Each structure stands twice: as C-alpha cells, then as structure tokens.
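Residue numbering begins at 1 within each chain, and the chains themselves are lettered A, B, C and D in the order written.
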Amino acid sequence: MAWTTNEIAKHKDASSCWVIIKDEVYDVTEFLLKHPGGPGIILKYAGHDATSAFVPIHSPDAIQRNLSPSQCLGRLADTKGGEVDVQMGHTQDEMRVEREMKRRPPLNQILNLTDIENVAKKVLPHPVLAFYSAGTDDEVLPIPQSLARNRRAFDRFFFHPRVMRPVSICDPSTKILGYHSSLPIFVSGAAQAILGELNITRACGKANIIQMVCTTDSAAALPSQPLFFQLYKVTDTAASTKVVQEAEQLGYKAIALTVDAVVVGNRERDVKSLWVLEQQEGKTQVYFEWDPEATTNLFGSSAVNRRNAFDSDLSWKETIPWLRSITKLPIILKGIQCVEDAMLAVEAGVEAILVSNHGGMVFSLPPLEVLHRIRQQQPDIFDKLEGGIRRGTDVIKAVCLGSKAVGLGRPFLYALSAYGEAGVTKMLDVLHREITISMRLLGAASIRDLTPEMVERVDWEPVRQRNTKL
Amino acid sequence: MAWTTNEIAKHKDASSCWVIIKDEVYDVTEFLLKHPGGPGIILKYAGHDATSAFVPIHSPDAIQRNLSPSQCLGRLADTKGGEVDVQMGHTQDEMRVEREMKRRPPLNQILNLTDIENVAKKVLPHPVLAFYSAGTDDEVLPIPQSLARNRRAFDRFFFHPRVMRPVSICDPSTKILGYHSSLPIFVSGAAQAILGELNITRACGKANIIQMVCTTDSAAALPSQPLFFQLYKVTDTAASTKVVQEAEQLGYKAIALTVDAVVVGNRERDVKSLWVLEQQEGKTQVYFEWDPEATTNLFGSSAVNRRNAFDSDLSWKETIPWLRSITKLPIILKGIQCVEDAMLAVEAGVEAILVSNHGGMVFSLPPLEVLHRIRQQQPDIFDKLEGGIRRGTDVIKAVCLGSKAVGLGRPFLYALSAYGEAGVTKMLDVLHREITISMRLLGAASIRDLTPEMVERVDWEPVRQRNTKL
Amino acid sequence: MAWTTNEIAKHKDASSCWVIIKDEVYDVTEFLLKHPGGPGIILKYAGHDATSAFVPIHSPDAIQRNLSPSQCLGRLADTKGGEVDVQMGHTQDEMRVEREMKRRPPLNQILNLTDIENVAKKVLPHPVLAFYSAGTDDEVLPIPQSLARNRRAFDRFFFHPRVMRPVSICDPSTKILGYHSSLPIFVSGAAQAILGELNITRACGKANIIQMVCTTDSAAALPSQPLFFQLYKVTDTAASTKVVQEAEQLGYKAIALTVDAVVVGNRERDVKSLWVLEQQEGKTQVYFEWDPEATTNLFGSSAVNRRNAFDSDLSWKETIPWLRSITKLPIILKGIQCVEDAMLAVEAGVEAILVSNHGGMVFSLPPLEVLHRIRQQQPDIFDKLEGGIRRGTDVIKAVCLGSKAVGLGRPFLYALSAYGEAGVTKMLDVLHREITISMRLLGAASIRDLTPEMVERVDWEPVRQRNTKL
Amino acid sequence: MAWTTNEIAKHKDASSCWVIIKDEVYDVTEFLLKHPGGPGIILKYAGHDATSAFVPIHSPDAIQRNLSPSQCLGRLADTKGGEVDVQMGHTQDEMRVEREMKRRPPLNQILNLTDIENVAKKVLPHPVLAFYSAGTDDEVLPIPQSLARNRRAFDRFFFHPRVMRPVSICDPSTKILGYHSSLPIFVSGAAQAILGELNITRACGKANIIQMVCTTDSAAALPSQPLFFQLYKVTDTAASTKVVQEAEQLGYKAIALTVDAVVVGNRERDVKSLWVLEQQEGKTQVYFEWDPEATTNLFGSSAVNRRNAFDSDLSWKETIPWLRSITKLPIILKGIQCVEDAMLAVEAGVEAILVSNHGGMVFSLPPLEVLHRIRQQQPDIFDKLEGGIRRGTDVIKAVCLGSKAVGLGRPFLYALSAYGEAGVTKMLDVLHREITISMRLLGAASIRDLTPEMVERVDWEPVRQRNTKL
C-alpha cells in the first residue's frame, strides 16, 4: 500500500505516530517507549520523513529487529514534488559528512580523547551531533554548560604525587561488582544505545571493559563478557518485570535502575538543530511545530500513553523491593545526585550507585563534587561516577575520591562515529597509557594505592585554555 | 492656540515643563511626579518634542486619561523648518523598528525567555530600550552590571536533586498573601507601568498570575483578579493618603510601599541614549543639556517641587503607622536590601517584604544573596524576591531559599513589546513548563517540597557562556 | 653662550645633568632631587632635548622659579642638521595632541570620571601619559596591573543599603585633621606636582577640598585654603629641616612624610614610552641608553649624589622624633601598606596615616584590602586611603571601612589635562553628585552614618565589563 | 662507509637507533639513556635526519665528546633525491630563524626576563622551542598549562611591605648548602643540559651563581666555582654508582637525585611539533609514526632496554642508604611535590629538597603552593623551589615562604638562545636589580629580613593581563 504525505502527516503525535524512512512508512506508536534513545527524538519526526536522522545511527536491520510486520505500513506514494534534491544521501549536510570522512586524520595521529571528539564532531550529521551533545535548558554551543561544569570540576582537583615508591610494575585493573575490568572504567549506558552498539561491545570484549546497555540485544558479546542491563522502568510494572527477567536469563550480570529520568528534560538544542538543518537545505518553510507541552504531558498528566510511559512514581518503599523480588542480580542505582540519596541507597541495600547528572536537571552539582561531598560526609559509601571524563587523570581523580570505576558515555560514541571499532580500541589504548603513566608519576603501583590523600580540591579558578591548534 | 518652538523651549525644567507630542503642546509640570515611570524621563524632553519616546510605550488614550483639558495647551505653530524628515513615525530609528517587527520569528519558535528578550531588544525604539535596560552608574551595554551581578548570583546556586520520589502529579501553584497563584511568580510593578499594561493584566488574569501595578487605572482586570498596588509615597502625605484609599476602594488587595526610591539613581545610560539617537538622525547639534544636579535637587534641596516629590524622609517610626492608620490592606515593603532591614520589617509587623535592588544603588548585594543571608541568619523571615530571573530554575532556587514567590518585571515588558498579549501568555507557558519539569527532576511534587537543603551555594565561579547562535 | 649638542651630550647623568628646553641649555644637576616628580624622568633626557616632555606639563615660569640664573647656561648652537622637522611644537605626537584637543566633547557631555580620563588619555602627549599611568614592573597597557588590582578591590565590596531613614537633608562634608572638607576626599600629592598645579589649587579652594602638595610654591591658594605639605626626606637632614620649616612658615597645615619612596621603582613603561615616541617620529636610531643600574645606584651605593638622594634609612626610632623636633604641624605618614606598620604609626603618635601602594612595590595589597584588614584587626586605627578611586561609591566604601577621607591623584591630573580648571571643578561636581546620591540610597544623611556594617566583602569574582561605547 | 636512507631507516627504535647529523650517520643506541635530555627526543628522529634539531642546541664538539669512534658509522650515501632544498641550514624554519636573529633588539633594550623570553621564542628553531616549552598532557600553546598554573600561583601571593627601615645597604646574597651565592637563585638542571651549557657555566661563574648540571662535563667551570650534579638513577645501580663517584672526584659539591622522573610524561606537544614542521616544509607525507606505547614500555615492561632505563623502583628504604654509602657529598632530592614526601625526606636525613613539578605529572600542585603548605604544616622544613619564576618579586615570595633559594631553568635557556653568554649575564643583572629594588621597597636589608609575615595568599583571582606591546 502507498501513502500520501498528507495522510502520513496526520499521525503526528504519541497517540498515533508514523514516520517515513527511505520512502517506507512505519507505525512507531507502540515502539515509541521501547526506543532506547527515548520517544522524544522520534516524536520530532512524527508524521514526517525521519530518514536523515535514522540512517546514520542505526544498523541496517534495526527496523526489522524492532518492528513487527504489521507496523511496516507500505511505501510512500508521492515524492514531495520538486524536492528531489533533498533525497536520502544527498542533502547538503550528508554531502558535508562525506567530505569530512575523507579528510579524517589517520588513527596514528590521534593522541588523546579530545582529538577523537574533534574528528567525530566533524563527521557526524548535524542532528545526531545535536542529540549527542545536547544538554538541557540554557545550553549553548560549543560546549553545553552542564558538561562544561562537570569538566571544570575535574580541573579543581590537584594531585599530591608521591615519590620514591617502586612503580616499575603498575597494574590499573580492578573489579566491578566482582567482575574483572582491565581499567577502572566502564561504558555507561546513557546515550549510546541509539547507535548500533555492536562495535563498542566487540572492542570492549577484547579489552576486558564492562558495558552497560539498555537493550537486551547483545549479539556481539563474547561468551565470557559481562554486560550490565540499564533499566528504564515504565508505569506498566508487569512489562518491566518481563524485561528484567529476560535480561537475567540472557546472562546480564547486573540491573542498573535509572532513577533520574522521570521526565524528559528541556532539550532545546535538539529542537533548534532541526531548524538549522532546514535552513541549510534552503527551505524557508518550517514544516513542523514542536510542542514542548505535549512532550511534557506524555510523561505527565496526558492519559493517552500513560501505560507505557517512564514511571514518574519510583519510590524507595516500593521500587527496590519489587526489583529484589523479581531478580537475583545485583542492583545499581543510576543517577544519584546528592549525598542524602546516596545514604538512602545504602540503607536500601543496593549493590552500587552511579553518581551522574545526565538526567536533565540543569545546575545539579557536578558528579565529582557530589563524590567529594560523599567522601567528606559519608566516607564509607561506595560508588561509581559518570560525566565529563576526557583524560586518564580525570579517571584517577575519581578513583582517588573513592569511586570504584568511572563510566564513560560520549567518548565511546565519538570514537565509534569517527573510526568504528578501531576507534574504540584506540580510545581504550589512549586511556590505558594515560592512566598507567599517571599512576606511576603518582607513585601508585595498583588501584589500591590511589587514596583520597592524593587529591586536594583547591579554591582557585582553574587555568583552562582553549584547545588551540599548534 | 499655537505655540512656537522658541516659546515652548523656555518651559524646560521642573518648575515649568512643557512637551510636544504629535504636534500638540502639553503642560506636564503637575503630572511630572504622578508619572509612573518617574519624572526623570519626561524632564529629558522638557521644552522639546517627546513624540518618539512617548508613542511606542503608551496607549492612545494615555494623554486624555492623565491630563486635564487645561493642561492641553494647543498646537505647535511652526514645524521646525527643514526638519520635516524627523516627523513622527519617520525617524530612522522608527523605520528600523518597523523593519525588525516584520522579521520577528513566529511565536512557536520561541523556546525560552531569552528568546523573547532578544526579539524585544530588536523591535524596541532606542530610547525605550535604554530606559528598560538602564542600570545605574557605571553600567554599560550589553548587560548592565547590577543585572549581570544578579544573574550570576543565580548561577552560583546548585541543586541537590532527589530521586525515587513520586512526581507524576506535580502542582506548582501557591498562595501569595492568601491569594491563589498558578505559579510562584508575580508581575512586579517597577517599570512596566509606563507601558499600556492592559495586555499584561489580561494575560495574567487568564493565567491566574498576580500583578503589582503602580496606577489605579486597572480597567482590564477580570472581576476576580487580585491586583496589588505599588505606592510611591510623596512628601504631601495627604495626597498619598488619598491614593491609597482610592486603591482600597477600587478593590486592590495589598499596598506595596516602595522604600528604595528616595532619590533618582544615576541613570547615565538614559542620557547617553538620546545623544546616540541624535547622532543616528544625522544631527550634529546637541539640543539639550542634561543637568544631573537639577534632577538631584528635585528630590533634594530645591524648593520648587518639594511638595510633590517622592518622600525622602520615610521612617519606621512614622511611615508604617501612617499607612496602617489609613488602610486595612496588607502591607508589603518593596526594596529591602539587607538582613537588618528585613528584621526591622518583621518587627514593624508588615505582611511581606520584597527583596530587590532595583532602586538604583549600584553594588547592593544581589537579592538572591540577601535571601541566602536571611535564610542563614533569620530563617523565619518571609519574603519575596525580584531581579534577574530568566529560567524556571531561577524561580525554584529562590523558592528553595524561602521566598514565597518571585517577581518578574522586565521579562513581562519584553514579552509584551515583542508579541503583545500573546507574548505574555507564551512567556507564562514557558515558565510553567520549565518550573514543572524542574520540580519533577528535583523530586518535588509541590511547592512545599522545595526546601533549603535542595540548594547549595558553591564557591567557584559559574561557567556562563555567551548565548551564541546555534 | 652657545652650546653644541655634542658638548651637551656629555652631561648625561646624575653627576652632571644638562637638558635643552626650547633651544635653551640648563644645568639641572642640583635640581634633580628637588624635582617634585623625582629625578628619574629628568635623567632620561640628560644630555638631550627635553622640550617635548617639559612643555605640556609645566607652567611657563617653572624654569625661572626653580633654577638660579647661573644654571641657565645659554643657547643651543646647532639645530641638529636636518632634524628641523622635530622642532618643538611640530613633532608628530604634538600634532596628534592638537588634533585631539579640538575633538574633545563639550564638558556638559562629561558624566563621570571615566569620561574625563578617556578624554585626557587622548589629549596627553605620549611620554606624559606614560609617566602618569606608569605602574611598576610587569605593568602593561591599557591598565597597569597595580591599578587594576586596586580597582578590582573596590568591586569586591558590596553595600547593605538601609531603607526607611530620613535623607532629604544629606551632608557629605567632613573634617580632615580638623579642617573642613566639603567631601570626604582630598588631592593626594603623588604625581601632580610635576604639573603646574595652580589650576587644581584654585578649583579646590573654591570647592573646599584640601590639597596635599610637594612644593612650597602655592601662589594660587586662597587666603583661608588649607594645604598639606608632602615631604620627601633626603639624606641631607639639614636640607629637609629647612624645607619643613619653610612650609610651616608659609602656612601649610600638616606635613605628610613619604615613607614608601626609599628607592625609585622599576618603571619600565617610562623607558619604553620614549622608544615608542622615537619610532613614531620615524627615527631608526635609539639615541640614549637607559641604565637602570645607574638609577638604582643613585639611591643606593653610588657615592656621587648621596648627599641629596631620598633617604633610604628612615626609621621609627629617629625619623619621627626628628620631625617632631623641628615642627609643630601634625604629621601624616604617607605610604603605609600593612596593618603592622599602621600599628607602629599609632604607637609613634603620628596624627594620621595614608594607606597607599603608589610607592612602586608591585603586588603590595590594594589599599582597600589593607584598610579592611586594619578594620578587622585594629578597628581603632584612623586612616586615609589612596588609589584606584573612580566613583563616588568607591569613596563611600573606603569611608564605611573607617577611612576619614580618600586621596585622589590621577583623576585630578586627568581633569586638569583635559579641560583645565573647569575640568577640575566638573570632576568635583561629579563626585559630589555621586556621593550624595549614594549616601541617600544607603540611608545615610551624614558621613557619620557610613558604618562598617554597610559594606560586605564577597568571595566571588566581580563582574566588570569593559567600558564599551553605547 | 656510506649508508643509504633505506638502510638507516631500519634502525628506528630503542633496540637499534641510528640518526643522521650533517650527512654523517651515528649509532646512538648506547647513548640513548645517557642523553641528558632523555631518550625521547632522540627516538623521534630514529632512522632519520636529526640535523635540524641537533645543531641549534649542541656545541660543535658534542658528538666527539659523547660517542665512541665505533659509533660514528660513516657518511650518508644518498641525498634523498629532489629534496635538496631541505638540506641542513636551508629549511624554511632555519631561514626564519636566521631572519629573526638579525631582527633581535639590542641587549640594552631588554628590560626584563619576559623580553628575553620573547626574543628567544622568535629565534629558536620550531622543534627546539616545542621541547623547551612542552608541558604534559593537555598542554596547548601559547603557555603550557602546568607552567601557567605555576605562574598564577605566584600572582596569588601579595606583599606586606614594611616602611621606616634602613635599607640604603641591601645585600641579596645567601648561602646554598654552605656555598656563597650572590642571589637567592641557582641554575636548575632540568632541561638545559641538552644545550651546550658552557656559556651558562661561564656567566654564572663570574656572577657567583651556583649551577646544577646533569653531565660530568664541566670544562667551563672556574676553579672555585661550585657545581651540583643532577643524577638520574638507572636500573643498573653499578652504572649509577660509577657516575656519582666520578662526579665527586671531579669536584662537584652535591648530588641532586631526581625523584620525579620514573616515567617519561605524555609529551604530546613534542610529537605534534614535528608534524607542524613537516607541513611548513610543504611535505604532505608524514614520515614517522609516533608510538607512545613504545616510549612507555621503554621505561615500563619492555625487556629490551631495561638495563639502562631510568629506575622506576626508587624507595626510601634502599635508594638513600645506597647513595650515602657511595658518596660523602650532601644529597638533594629534586622533584618533591607534597608535604608528606618533604617530611619523609627530612626523616631520611637528606641535606636539601627541591620542590618542583617538572616531572611530567599534570595537575600536581604548583611548587609555591606546596611550599605554602609546608610553611603552614611543617615550618621547620628547609627547601628550595623551582618553576615559573619570571620576576625578582617571584624569587622573593618563595624566599619569604621559607625557600633558601629558587632554581631557574627555562629563563637561562632563553637568555642563552637569544644572546649567548651576554644574554645570561644580562638576565642575572636584571634579576639582581629587581631583587634589590624589591627588597628595599619591602624594608629588607638582607635575605634574613624576608619573613613569612611579609606575604599573604589572597583568595581572589589575580589580575593578569596579556603582555601587550606598548
């Protein structure tokens, strides 16, 4: 069956959401809340052509794997008249991306994670980059403010390097929830799931790095490779129960309950990026109207999709006991943002917490600062940390302050986008080198030697110059 | 009767002040101190044509409503010779304004209050913009320093978001002096009265937002819509008594006594903006001489206008008892700037205080910092706060620190100037969305859940990047 | 008698120092250490033509008043061949100055001290500007660092304005060492003496502002006008005794002993400015060699001029008793830079101290900070303050912290250079307006009402934007 | 014998390392770890022509002195075809250097160390400059971040200058480990050894400044001139024993054991500078691949060169006793970076420590801050300090905080590069002048008078403007 754009355009919200991908029409209403990247980004293309946003970040079989045949509605009837120049693969933005891919420096000139990020930012399609680097609220290019604040937090911690300690043998490996990890880092699950993550899984498997994923689709995992499952609980508790038990059966080693995503943040950059794209393409007509209220309502008071919505009513009293009752796996709480909740998590008996401020709240304290406060106020609390890592020294600062390991999200995405699996491997090599060099210079032969006394938070403003070209 | 410009030019100060508006001549000597925007701006046009400054910000019937027939002196006799190109509606600045009005982005592309402000700053006539955004003393474009300091104050407060709290139902409404308010904000009365505020009143009435106004002319108010009256006490106490009693009879719900306007501040920008305007028009001759001493004297030692001048001799011992004796309405003190005066206000038994630094004193502490000190030193004091609000998170920070509500002034003016009543409604929608999203992300289902423990003032310099174009 | 440039060039140091002014040759060896501006600036022209540096800042009769006839050696024999284009009054720099003088804005457009400074910086000859604005050591344009640090110090102090206090009558006058002063300011003696200060004296006399001068040549003083004498003690104590007694006889009201000028600072800018000037004139040859060692030695170990050199061996034990023994006038110590010395000054019984860091030591604390420490540690010490004042609020901050009055140096020089006596009067008008407006806004009806509780030193970085054009 | 570039290119790593210098081929495999500048820089040219990097910073006889005849392999057979334009002395970079040498300002226009540095930065070949100014990790031009942080640390300390103290006689000399030093400074051994240091030694000998060198080749030393020997201990302890005993026999006065160089830092700038150079020369082909892992392994787990590698297993228990057992010379520990290690050094009985963060660890505390903490926590510890000195006031701040003397490294290199021995002498003159002027202005007649009470660390951000041209 063939559909006209006029017909498709009617299915433009969460009650009925259709999209066009490569001239095929799909009903994604059901899928909206299963989408690992969240429903927000799909809804922006509701009733429209989503090809340019879909193709660059999904594996070719993503549609088949996720949609039932009945949700594949048929072909597009009309080709939107004279707009043939905006066909898939030929938009101005796509041509720019192709050009930049050819100009990438060879991998052996990549010295650090910032080099990788710079390449990725050039080769990524505009809307994808906006999605990756979007912060919330008043974020602006080139660096969203929450991210900038997180990075600055690292710059405020200085080291007390120790000398005259044998470091010829230096081992940066550690254990995370009992599983071996070659470095005190892991792949955090936040954003990367929207990307075919097979290559990340493969590279991490070889390098003994643990990955936290948010789908149960982990074909690329090596037999012995531990994966953690990141759970977004929905209001339909039975559905979430099913997902958790599936994960346990598939061999996932832990459940990371996301506790800071009770509502979609205020992602203005996502919205604006589409307008920019349209302007680049030379169209003067803005062909959709973003309705932030609608998005809010989706998780708020709107009745329509409540059943599948992210659960806004998590609670200590009910959610943790429920999770314990349906799985034997260790529980991680992902998204703790203050000392008080870290203490409640300990009381609730969870196996780990993940300190992060990715959830969308602007002006939440940088995770490293939360860690610093936990260290000062509740030094017996164990945790992990996430956000703003760019250097091996950043990882070491977090470990010194008591974090067992540090989750990295964006850097893996950038490495993958820029150079594929080889990029991910390169990135892990860089981190290994930076971490071991720094451990030696600190007089630390093992992760155990990284102690709180080795870092000091100073009260002066860090000197941070722009990353200029040599 | 017709008047020559030479004749008119003689009436150029507070002892006799005439202005030309649309070729009609008016005696505004009496009106000077009734002018809600203060006499300063009128005096700058004393003896001259004030059309270009008057028209854009006043309703068409503003003259009839405020001047008696005897104060309408007649027509202008001469048309100033060759200066026909500077007629009303055809100055270069006015043509620029018309051009910019056509270029405004559609309302559905407005995502936040800064977007609105940016539009307003383009479509406002030069002298009006200067008046709105003028700070005092050493203020310079693009952001006056007091305002910049107020904004930075917000950036220094960080949140401790709480998780695992039910927030599917989230209610941002509150009560202000017992009256229902759909959000913890209100319209503060500072500057907007110079603008036909009917549209603001109408939009606020529909949205259940309380407005503080400084004239008794509130035809647009809905029957049940509570309005507060902002009082500038003059030295003629009988005159002020009459005004207050009029306000009570007309149904105003509270009297906000302005306590920080005992003298006109040092508004250099106002003055300079006129010179700029003249230069834009291609005139080389500066046709008036600003005499700051005269302005000072007006409220100081000059005998001429003392009777109607703002009262520079307010005191705790006399002013509050006088106000109590003439009205039963609750009393708000507007313009408290330090903890000590907040305590004196409590002792004096006033119903509310309004912490703000709009009064003209440069280097007074940002209101949020005053609030923070009150919270630390006198946590039982109730108050409101004003100044520098641009985001829902700003409002929430103030509420967390103990403010019942937050007054916004300029943002309403910008919204009105840019898009009329629809702009004001849009702005309230934006704030509603931002406040409820943030409340949910903080784990707060109601205003009561916003507690001091949720904010922390950090000692580092906030990262604030310029608002660049995407 | 006529002298050749070759002959003159031999007298190029402190042992024999000749200069050419308007084609006349003078022996200024004796005068070097009497020069109120210090010998350094003269020595830079030793053996050369000093016309361009001398003329703009001295009164026409300055030579006659200060040199004996025997020190006027005669005319210049040769006119330096082809260099006629560099005659007095026709250098490129002088032509620039003439041009800028014509472009000055009228006085009624001057709104503040920064406006005046900006005009002055345009109309001053290059070397004079360098001398005025020179700081020490690593100072660079546009603002020397010590000065910038002093200014920033003011920005860190915020006010606690008080409301509900009668301020219709507001009196900013005070007493300095018992003498009436219309404002809590005075003219500090540092640099201005090199300029014909008659106009400053005249304007201050009319405005009731006390002046501290460093010559005994005060013909312009009104009969009742109090002047303070700034003493640079030299190693020849008898000579200094004579100067002090002369001052007392002439009616000066106090002796301000300079205690922070035991050695000439490292004024690199002075030196560099000459090179710049030469380059502007199109000469490629650098015709003199600055020898900083020589300057140092002048006040150090070099035997030649020790007799007249500034005394490097001041001491509490000997210097104060000596001064007491030769004069009945009250003693001020000028150049106190820390709390410890402020206490020693009190113990030594001097009548006043002048906190300043003009003496040449880079990285000495900004005077306002010293005052703040004195206030905290030794609140019973009385003092005056100097440096970095640009606004009435700056003066008020210093007075709140306990300073009786505030000395201004450079601003007077700028006002004088830009507009002559009228400029000085204008500047005093501006300060009067700014001080009284701010006092009213602070709720202070008199200087007594300005208390330490009214200021607070904040720990955040001040927002200070560049002074952009409107 | 003549070698082809193809043959030479095979010897490209630490197992067999050949380089071409002026068309001669050398085997530097053995020499790699004797190279005072470390093996890293040589390895970058392994298998290639190193002429352009070698010539500018080595004395003509450096090869003969350091290599045995058997290590001089013979001539280069081929001249690389068409690349004759890149011959020694004719690369674009070398031509630039020649041009800049002619443009140097005369020495009498050099007023301070920054002037010298600016000249040096212009006349140094690109790769040499990169090596000198390279920091570690995220360092970027124009100022590496560790260096910038060190300099800022100085700016945060302010003085309390004392007045009324006799300072006509002012003596800045001191004793370092019992040896007379004309100033409280010495030449630190870090980087300069890679440069023919004869000129530095000669200038220091005349000026009575002690030098710390890292070779035993000190032909230029005056008979009575004390030199300290900087030891890089290698894993072959017998070899290090031999070197130390050689140094003692040759008359060196102390052994400075380098304790912060257990691994080569992450010198990305070194690597990148080569790419830049190649691009300047117009070549598109990157002809070598930097392998940071290889460099790491060199000092890490790689078996090949372990015997000669810097010892990564220094320890308090074994290293100090070993050193005591083989020499009677006093021991200095160079590279202490925290208070804890300073205390351990005292316990271990060493004669002096050298606080520095040159070792490569990014985000180690600026040495002055470490000194400040030692002063506060362990005021009885004696030490020296290194890093970021540019002004006499910097030296004085360190001395006030308890440092006996301050080591300068880069400034000597810059002075030497810019003006040879005369430049070094000039630099010492500048420091002498700056230190004595500042001492006098502080009221200090001798080094003993420089006390901790004279400095105060402020909590505000230092004002530091860019070094603009006048």
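Convention: a residue touches a chain if its C-beta (ideal position, glycine included) is under 8 Å from a C-beta of that chain, and two chains touch if they have at least 3 such contacts.
Everything numeric here is computed off the predicted structure, so don't read it as measured data.
Chemist: What's the overlap between the neighbours of chain A and those of chain D?
Modeler: Under the touch definition, chain A and chain D have no mutual neighbours whatsoever.
Chemist: Suppose you list every residue number at the chain C-chain D interface; are over half of them used by both chains (same) or under half (different)?
Modeler: different
Chemist: What is the size of the turn, to the nearest 5°, that moves the C-alpha atoms of chain A onto the matching ones in chain B?
Modeler: 90
Chemist: Express in whole angstrom the distance between the two chain centres, defined as the mean CA positions of chain B and chain C.
Modeler: Chain B and chain C have C-alpha centres separated by 44 Å.
Chemist: Determine the centre-to-centre distance between chain B and chain D, using the mean Cα coordinates as centres, and give it in whole Å.
Modeler: Chain centres of chain B and chain D, defined by C-alpha means, are spaced 62 Å apart.
Chemist: Check each residue of chain C and list the ones that touch at least two other chains.
Modeler: 459, 461
Chemist: For this entry, which pairs of chains touch?
Modeler: After working through each pair, the chains in contact turn out to be A-B, A-D, B-C, C-D.
Chemist: Going by the contact rule set out above, which residues of chain B touch chain A in the complex?
Modeler: 106, 108-109, 111-112, 114, 155, 157-170, 390-391, 393, 397, 429, 433-434, 436-438, 440-442, 453, 456, 458-461, 463-468, 470
Chemist: What does chain B use to touch chain C in their complex?
Modeler: 137-138, 140-141, 143, 145, 148-149, 152, 156, 259-260, 262-266, 268-269, 271-273, 275-276, 286, 289-290, 292-293, 296, 299-301, 312-316, 319, 333, 335-341, 344, 357, 359-365, 369, 459, 461
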